[in-house]
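The following blocks contain the structures, represented as structure tokens.
The following pair of complexes shares a single chain, chain A, combined with chain B in the former and chain C in the latter.
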Partner chain A sequence: MFHWLEKHPFFFAVGVFLVISFAGLVEILPNFAQQSRPVIGTAPYSTLELAGRHVYIANSCNACHSQLIRPFKSETDRYGHYSLSGEYAYDRPFLWGSKRTGPDLMRVGNYRTTDWHENHMKDPAGVVPGSIMPAYRWMFTNAADIDTAFAEQLTIAEFFSVPYNKPIPMKDGSTKIVKMGGSVAEANALALAEAKLIAADMKDQDVKDAVANGEIPEIVAIIAYLNSLK
Partner chain B sequence: MNKLYLWGIIITVLMLLFTYISVAGSEGGLNDDIVNMLAITGAVALVLITVFVVIKYVRQMQVDSATGDLADENWDGIGEYKNEVPTGWAITFLLTMIWGMWYWTVGYPVNSYSQIGEYNEDTAAHNAKFEAQYKDITGDRLVEMGESVFLAECKVCHGINADGIDGKAANLNIRIDASSVKHVIENGSNNQLLGFAMPMPDRNGLMNANAGYAPITDAEIEKVSAYVANGMTGEGADVYAGTCAMCHGADGTGVDSMGPNIKKFDTALVTNVLNFGKKGSIGAMPKFERLNAKQKEAVGAYITSLSE
Partner chain C sequence: MENRPLEYDYTVAKMFMLTTIILGIVGMLVGVILAFQLAFPELNLVLGEGLAEYTNFSRLRPLHTDAVIFGFTLSGIFATWYYVGQRVLKVSMAESKLLMFLGKLHFWLYLVVVVSVVVSLLAGVTTSKEYAEFEWPIDIAVVVVWVIFGMGMFGLIGIRREKSLYISIWYYIATFLGIAMLYLFNNMEIPTIMGTAADGTSGIGAWYHSVSMYAGTNDALVQWWYGHNAVAFGFTVPIVAMIYYFLPKESGQAIYSYKLSLLSFWGLMFVYLWAGGHHLLYSTVPDWMQTMASIFSIILILPSWGSAINMLLTMKGEWQQVAASPLIKFMVLGSTFYMFSTLEGPIQAIKSVNAIAHFTDWIVGHVHDGTLGWVGFMIMAALYHMAPRVFKREIYSKSLMAAQFWIQTVGVTLYFTSMWIAGITQGMMWRAHDEFGNLAYSFIDTVTVLHPYYAIRGVGGLLYLVGFLMFAYNIYKTMSARPVEESELQNASPMGA
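Up next is the complex of A and B:
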């Protein structure tokens, strides 16, 4: 057998390749699969949050803001617990970012609130003197794309088995169910119900009126998304 | 003398000479620096060992003749002897295997570097240092620490002067303003300002004892709001005494386990807001779990000092 292999270098190479590949897969895959499982407390995005995530991506927030806290004391003091792989289980695509012109936003939902985001998006320098972040006033008038968010939910629920409408374990031992509508109309209704809760904490009368009329401005969606980052 | 040895000596001398020139001729040259001396020693050792090993094996090729039984197979005319494994080689091989087993089972897993491990050590060391350095600070130093924490964590909402940036957050230079008092009276409050849930009822649950326990009226709310916001002075003392004093104390400084201090800030109050967050007339404030106990105490001292 070995003499035969030594006389046939091509098949020897194929054999070596197979053995090393198999060993690599056995070593790497189970660990990789384990690491990328969602950690306890990580829930999929609701329709409105997903629409907000689309607004976040469309406005290139990730060009200036990272979503990745490294395990250094100086970072965890400022941003909270360092990031774990499993916390990105429902992020498609992940928004780690590669540059921090602004601060990290991985857990911004823990230390900023709806009304703060509203003031800040309207006039960043008014809240943070010297801030170079531009104002995003159009978010207060542009409508969020709930239909696309719902389409994405349907897709990821189908192809990646993202657990919508299923109990998800939370850190305190309870379970949480993230609802996904069964139809476009139902998804819009769910998003609107969520948007009403956000708008109740906002001050802009135009946004409040829009939500009362059944419209969802982008600002509501992105605040819902930012509040969900914990 | 064999030509090989002659070449060995010539090359050794040349290489040592070159090493000496390149070091002694360069700036600084040969001095007492230990790193320089170690480098020179290493270079000399390398030259000697290289020449010795090369001579040994070239000599072996020149004079050695192989003995022993040839194996049956040969590869393109190249044969292989079936000699015993040399003892030194065999022992080294065995020791390497034993070391390998130790390394993979104990050596690597137990001593390997871990980023999270380093982070944990860093954090523990920092916390211990912080604890030791600031355990006993009081008074002005505590207020200073509070100010620096405030400027790092609180100013984004409350502003660098703690004035709430034109009503975007609570103005901390006064304990409470009239609109906040009104909001709380009308809507009640469920903020854990005492460290536990002790909800205050909304206006339907607030009776004025001095007016025959009638529900509080709009006019009375106006009056008592101004009274509380002015630091317990002015009109509305009777409404306060009849409606609010039972839980917040006759002078507004609070009653244990009943109602918080509404006359002025104190450390316990601020600490509880930092621990549990708060929802008021302006909006919600998140809790700040990332501050340690001393930092919370310091923020309390700083905020208390602002309105004094």
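Up next is the complex of A and C:
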């Protein structure tokens, strides 16, 4: 059979394709639907948080920071409850990372504050002596891209039925609604309202002035995102 | 005329040889910069505060991985395909205007994609998925380039004179199919300009931005099915294609066992794809998948070692060639690193070992003993074998080649040994508890302890880069310095022609 295949390239290629596609079908398909169900208490990202997530991705924060807590005592002691599949239901893309040059950030919102992030992004070694993390000072001046975040919200609401403007069950039995604007202007207004709450806890005068003038620097967006990680 | 060997046309092979070398230098240089940035963080500001955004570790990191995978390695795969393909199929590219056109189109479109990737990654336009960072416009261009490559490949196979496909061709076909399947499924994404607001506005925001079709755990599963098998079909399958051609040619020895090559090929095709889940052990992926991935990773030793042993036994009775020829040295040490790396990988895929190794520098070390020791050595050996035949000139300096071999071998060794120590040290410190059951170390303790190993790794990487520059210089001098031979050098061995 192999000799015959080696003289018939088309059937050879078909044979190779069948053999290599087998594993993907068996491994990926069976649990596909089940794995994408959110757990109670998991809500989609707000416009500002999503813009912050884009800043996180643009700077490849995931190259050094994981967002996956494994079920070991040493990890739950350090980072909090181990990760559950449904907590990632609104993560497109997933940001588990593959290397922990810095610590895990899955629940960083539980133990770091706006103030801490502001100082740390400006001068990491000043906050954590010995840190090898570079500073991200340009985030204090670059403007966050709210429009693209809004476009992504619209896309995922339309194609994947992500529940914006709908009640989402919380752990304490209450419900929460994550608002999405009906227009670009409304989306920007929602993001700005959220940005003002973050900026109120910050010290950098330029950032405060920018937000007061209706602009949203990247640092505000990424802090909103990091604070949402719980 | 009938008894003369065919004159092959190496125009496209030469073009890809050039990008192999240039992108190799770029990718490895960025790698060395990254390595030293981890040891000496001030280097993040190497071009000053104003350009910090573009010289920062996190921006450069995907540029390094993509430049060495899709720049250096892929160019090397294409260069060898446009050389080996013609020779084992016994047909010249010059015989078909269409194939020649496709080959050149392949090259120029590839170059366009490379440039757009560099620009987009530096600008921070990325999907974040490792080795699949490109946004949808580039993804479409990649698919076009790949289809042209495949058309050229099957076109050449279609007009072949040698009816039976040589082992290398099996592996090239598998490379084409494997990457096509993986790339398509992993990059399923929806451009966000498709979203429409309630007031009817559409086309909002950045036109190039997209969102993944998969969420969370599913996204991770598909990504690592891709990521692991991009290693399979980029760093293993095509490199095995190369060694099956170049080692017998260079040594004049016939392949040790045809049956072993059959077993290894079909074994590798079947087993490799299952192992991707070993990147997700102890994650939220279902346990049965993790266990499957772990088991298949162990089984993967068989076909991997099958190929490597087949290569080493091809040298049976001719081991003096290893001492005499630096080119044979590259290939034999390459096969040895392949065995080493394909044993190390499965060990790391055992769940209890993975608990320590995952997220640490041990993984980085593993990747680099495979890529520097196996992929890099094999591609350089292939180009060294091709250069005299393609440029019709003797290799400029064999002693330079020998010096390069030893410098790079020391470089690789420093690299993986330092990363082993760093990885296991960090893995053990993360999990250490004191007598009261509290964590023994804060996270920063586990970072500062790595400084000496990061410095050693930087030196190892630098040595490898120096060796690569020696390689580039040697090829450049071969291209330009020596007098042209009348016709292509013919192989003196029984395997010749």
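Assume the second predicted complex is superposed on the first by the 197 of 230 C-alpha atoms of A that agree within 3 Å, B and C clash if a C-alpha of one lies under 4 Å from a C-alpha of the other, contacts with A are read in each partner's own complex, and residues count from 1 in each chain.
By our rule, a residue touches a chain if its C-beta (ideal position, glycine included) is under 8 Å from a C-beta of that chain, and two chains touch if they have at least 3 such contacts.
No experiment lies behind these values; they were computed from the predicted model shown.
K.L.:
In the overlay, answer first, second, both or neither for which of chain B and chain C A:201 touches.
P.N.:
Only chain B; A:201 stays clear of chain C.
K.L.:
Determine, under the contact definition given at the top, whether A:215 touches first (chain B), second (chain C), both, or neither.
P.N.:
Neither: A:215 stays clear of chain B and chain C.
K.L.:
Once the structures are superposed on A, label A:77 by its partner contacts, choosing first (chain B), second (chain C), both or neither.
P.N.:
In the superposed model, A:77 contacts both chain B and chain C.
K.L.:
According to the stated criteria, A:59 is in contact with first (chain B), second (chain C), both, or neither; which is it?
P.N.:
second
K.L.:
Applying the document's definition of touch, where does A:133 land relative to chain B and chain C: first, second, both, or neither?
P.N.:
A:133 contacts chain C only, not chain B.
K.L.:
Is it chain B or chain C that touches the larger share of residues in chain A?
P.N.:
The partner with more contacted residues on chain A is C.
K.L.:
What is the contact status of A:123 with respect to chain B (first) and chain C (second): first, second, both, or neither?
P.N.:
So A:123 meets neither chain B nor chain C here.
K.L.:
Of the two partner chains, chain B (first) and chain C (second), which one does A:114 touch, if any: first, second, both, or neither?
P.N.:
first
K.L.:
Common interface residues of chain A with chain B and chain C?
P.N.:
3, 71-73, 77, 128-129
K.L.:
Would you pull the chain A residues touching chain B in the complex into a rising list?
P.N.:
3, 71-73, 76-77, 80, 82, 110-116, 119, 126-129, 201
K.L.:
Going by the contact rule at the top, pick out the chain C residues touching chain A in the complex.
P.N.:
37-38, 41, 44-45, 49, 52-53, 56-59, 61-62, 124-130, 154, 157-158, 163-165, 170, 173-174, 177-178, 181, 185, 190-199, 201, 204-206, 209, 211-212, 214-223, 225, 262, 266, 269-270, 272-274, 276-277, 279-280, 282-286, 289, 292-293, 296, 355, 358-361, 363-364, 430-433, 438-439, 443-444, 447-448
K.L.:
For the complex, which residues does chain A have touching chain C?
P.N.:
It is residues 2-3, 6-7, 9, 12-13, 16-17, 19-24, 27-28, 31-32, 35-36, 54, 57-64, 66, 68, 70-75, 77-78, 83-103, 125, 128-138, 145, 147-160, 181-184, 187 of chain A that touch chain C.
K.L.:
In their complex, what parts of chain B are in touch with chain A?
P.N.:
Listed in rising order, the residues of chain B that touch chain A are 73, 115-116, 118-119, 122-123, 126, 156-157, 160, 165, 168-169, 282-286, 288-290.
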